[in-house]
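Pasting a structure here, questions to come.
Chain lettering (A, B and C) follows the sequence in which the chains are written, and residue indices restart at 1 in each chain.
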Amino acid sequence: MENPEIRLAAGPAQQGEHCFIGLDVHFGENVTLGHNCVIEDGVSLGANTHIESNTVIRAGVQIGANSLVGSGCILGEYGTDFCQEGTRHVQPLTIGDSALIRSGSILYAGSEIGFSFQTGHQVTIREKTSIGDHVSVGTLSDLQGNCVLGNYVRLHSNVHIGQLSRIDDFVWIYPYVVLTNDPTPPSEQFAGVHVHPFAIIATGAIVMPGLDLGQDCLIGAGAIVTRSVDPYAVVVGNPAKTVSDVRKMRHKITGEKVYPWREHFDRYMPWENTGFHTWYTGLTQEEKEKHGIEALTE
Amino acid sequence: MENPEIRLAAGPAQQGEHCFIGLDVHFGENVTLGHNCVIEDGVSLGANTHIESNTVIRAGVQIGANSLVGSGCILGEYGTDFCQEGTRHVQPLTIGDSALIRSGSILYAGSEIGFSFQTGHQVTIREKTSIGDHVSVGTLSDLQGNCVLGNYVRLHSNVHIGQLSRIDDFVWIYPYVVLTNDPTPPSEQFAGVHVHPFAIIATGAIVMPGLDLGQDCLIGAGAIVTRSVDPYAVVVGNPAKTVSDVRKMRHKITGEKVYPWREHFDRYMPWENTGFHTWYTGLTQEEKEKHGIEALTE
Amino acid sequence: MENPEIRLAAGPAQQGEHCFIGLDVHFGENVTLGHNCVIEDGVSLGANTHIESNTVIRAGVQIGANSLVGSGCILGEYGTDFCQEGTRHVQPLTIGDSALIRSGSILYAGSEIGFSFQTGHQVTIREKTSIGDHVSVGTLSDLQGNCVLGNYVRLHSNVHIGQLSRIDDFVWIYPYVVLTNDPTPPSEQFAGVHVHPFAIIATGAIVMPGLDLGQDCLIGAGAIVTRSVDPYAVVVGNPAKTVSDVRKMRHKITGEKVYPWREHFDRYMPWENTGFHTWYTGLTQEEKEKHGIEALTE
């Protein structure tokens, strides 16, 4: 009879040349490695996961099954303290199943990431970042650590998330948006931005420290947001002012209502193919609370 | 008598250690490779081309002669579908002669690029991008694919080009500019920006979806462009408003006219050393049409 | 008796596999290398310096003692002329002691950098950049070369510094800030920005060419700065206008004065733990002049 433990301990199913594999590494079935990979001590890679060439997985990192890590990534990178002091206080980096981490991305130790996680290329995610399920972080985005992203959050390319930010479920953030955190730079009294469910922050908007962006609000491109934003409000300008309510907006060409977007768009979302209302109606109260959307009245 | 076919099939003239070379790879004369290069099946590299260390050239990529590819690049990267489904539908990536692709750049399969192409470091160019001749794309720029760049287009660092964008010949785009494409984010009804010949988009400007930026217009730094812009117009502000005509602008110090820029600047341009009018007068009608500048009256 | 010269010439104390080491390389004591490193001819690495895997140190680069260079860096990269013409005019790149250069950073030949230098990931620094001591350059920042940074300058992530910029001591610059240099793009008549000591440029501000930003001024987030800024002035908006004096500003929550920031913040600064006034009073006139702060009256 087969003993899976023995097989799991046997190494990757396939590996390129010049890979360096540490001690106590756990390989699920059918794990494959490219060339020149460095897999440090205590790493765990789930079944069917593939690591491309030149990628470094630091000590203790855990990656779920059916994942793909591109070339030139560093997962579980040590923070500055390690670099400067030469001591190793490794916190785990854990990444759920079905991750797709594109080439050149750097994820620090000390974060926890859910399943179906996706990144673009050359993303940086610092320590103490908590990320839910089905989250996508675009190319060159820079998460400064010590922040929380919910489920189904989608960051486009080149988004900058300051420390202490809190981003709820179903939020969309577009390129070059910055969530700041220092009201009187330079200081050490940080105040994070809180973005509520379904909010949309369009390209190049900058949000001042400590503000709340209400559920379903729409921050216009290039807006400099200096006050908290009400639910459903549309704000634009520098400084940003409320100019409309998303529920009044119509598509310029089709003339149709387009917000709340959840009623008109379902790609990547749990209500894909079923529609929002059907999905929402089928949720338990607990599930609604978990998503932070228990109070939706429409 | 020499048989060039046999010599071409013989491998690179020089290569570093630990290179992995696939089947049916075509090497022109004097091709050289650094260390740890991966050259997959069916790749074709023109004469005198050099590939630096740690670079991956995926299956079927064609690069012209006299080119230089920096270290850590990935050329012909497979799109998401490949990554997720494990199937390989490789479209060709073709790059013309005399390319200079700096280190860390990632060019997807499925694009066609002309000659004298240049990139900065860590550029990302997604699939279905069509790029003419003599184009330069700066460090960290991010082309989202499914877009068209003409000839002599110059993108500075960190430019973001959304899908469906169309950029005509002789356009200059400066750092942190974004050409957006989604009028009602999130949606799937994209509308690209069309930038006409000789237009200039200064640092940090954001252009809303579906707009036309007219020939020779000048978009000021940080402008949020919400309406199409007339030829020769100067627009600034948030939202951007027309404040002048480029032909009225003078250099603050010298007091000289500076626009249309083609009459005052020739670096990198086909009229270098001869001047614009001499060059333009010498063009055939066909050539003018190819550049989209057949109607220039001055 | 021990002869240190012989030991220094003997190679690194420890190295990974597949490293390529050129001629006349000088290793201080206890230098260590990761895997696949390329150390070209004439490089000098100070004692206790560690180079991580896949990093390339080009010919003639000098790095001080107690430094750490992350993986996938290129230090001493040749400029375009080399790439295109195939000739090698290597200017030195020198980096002082105690540098921390994070992974993926590219520093060109022809620059001089002081001690305690720090970078984030994937930073690009072009040739002819002069950088003082205790300077930090954040992830993805892009210094275009031919510019001068003083001491204790701190650039956050994704800052873009145009050629001819001059940044004095104790300046803070936040993400996505651009110092531009071309008053009539495209041209070749560049005019750099001069940022005076203690100035702060908040997130996403763009500064037009040739301007002076006065000592202790505060440029608000997203400001488009079209005129020079007075010392201590607070400017915001597009175009930026003076709205206050930093000395009048108070923290929204604590109600305390927060500027000049040097009196309220000391992290990373030479007056850490002692306070600014004690430190300043203890300086010689020469030292004050070196910092450009000889005229401080308060």
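Just so we're on the same page, contacts are C-beta pairs under 8 Å (C-beta built on N, C-alpha and C of every residue); 3 or more make two chains touch, one makes a residue touch a chain.
Remember, it's a predicted structure, so these values are computed and weren't measured experimentally.
Asks: For the identical-sequence pair chain A and chain B, what's the CA-based rotation angle in degrees, nearest 5?
Replies: 120
Asks: Same or different, please, for the chain B to chain C contact, judged on whether over half of the interface numbers appear on both copies.
Replies: Interface between chain B and chain C is built from largely different residues.
Asks: For chain B and chain C, what's the span in angstrom between their mean Cα positions?
Replies: 29
Asks: Send over the residues of chain A in touch with two or more other chains.
Replies: 18, 36, 54, 72, 104, 122, 140, 158, 176, 204, 222, 238
Asks: Would you pull the chain A residues touching chain B in the complex into a rising list?
Replies: Going through chain A, the ones touching chain B are 16-18, 35-36, 53-54, 68, 71-72, 100, 103-104, 120-122, 139-140, 154, 157-158, 172, 174-176, 200, 202-204, 221-222, 236-238, 249, 251-254, 258-259, 261, 264-265, 267.
Asks: Which residues, counting only chain B, touch chain A once they are in their complex?
Replies: It comes out as residues 18, 20, 36, 38, 54, 56, 72, 74, 77, 80, 83-84, 104, 106, 122, 124, 140, 142, 144, 158, 160, 176, 178, 180, 183-189, 204, 206, 208, 222, 224, 238-239.
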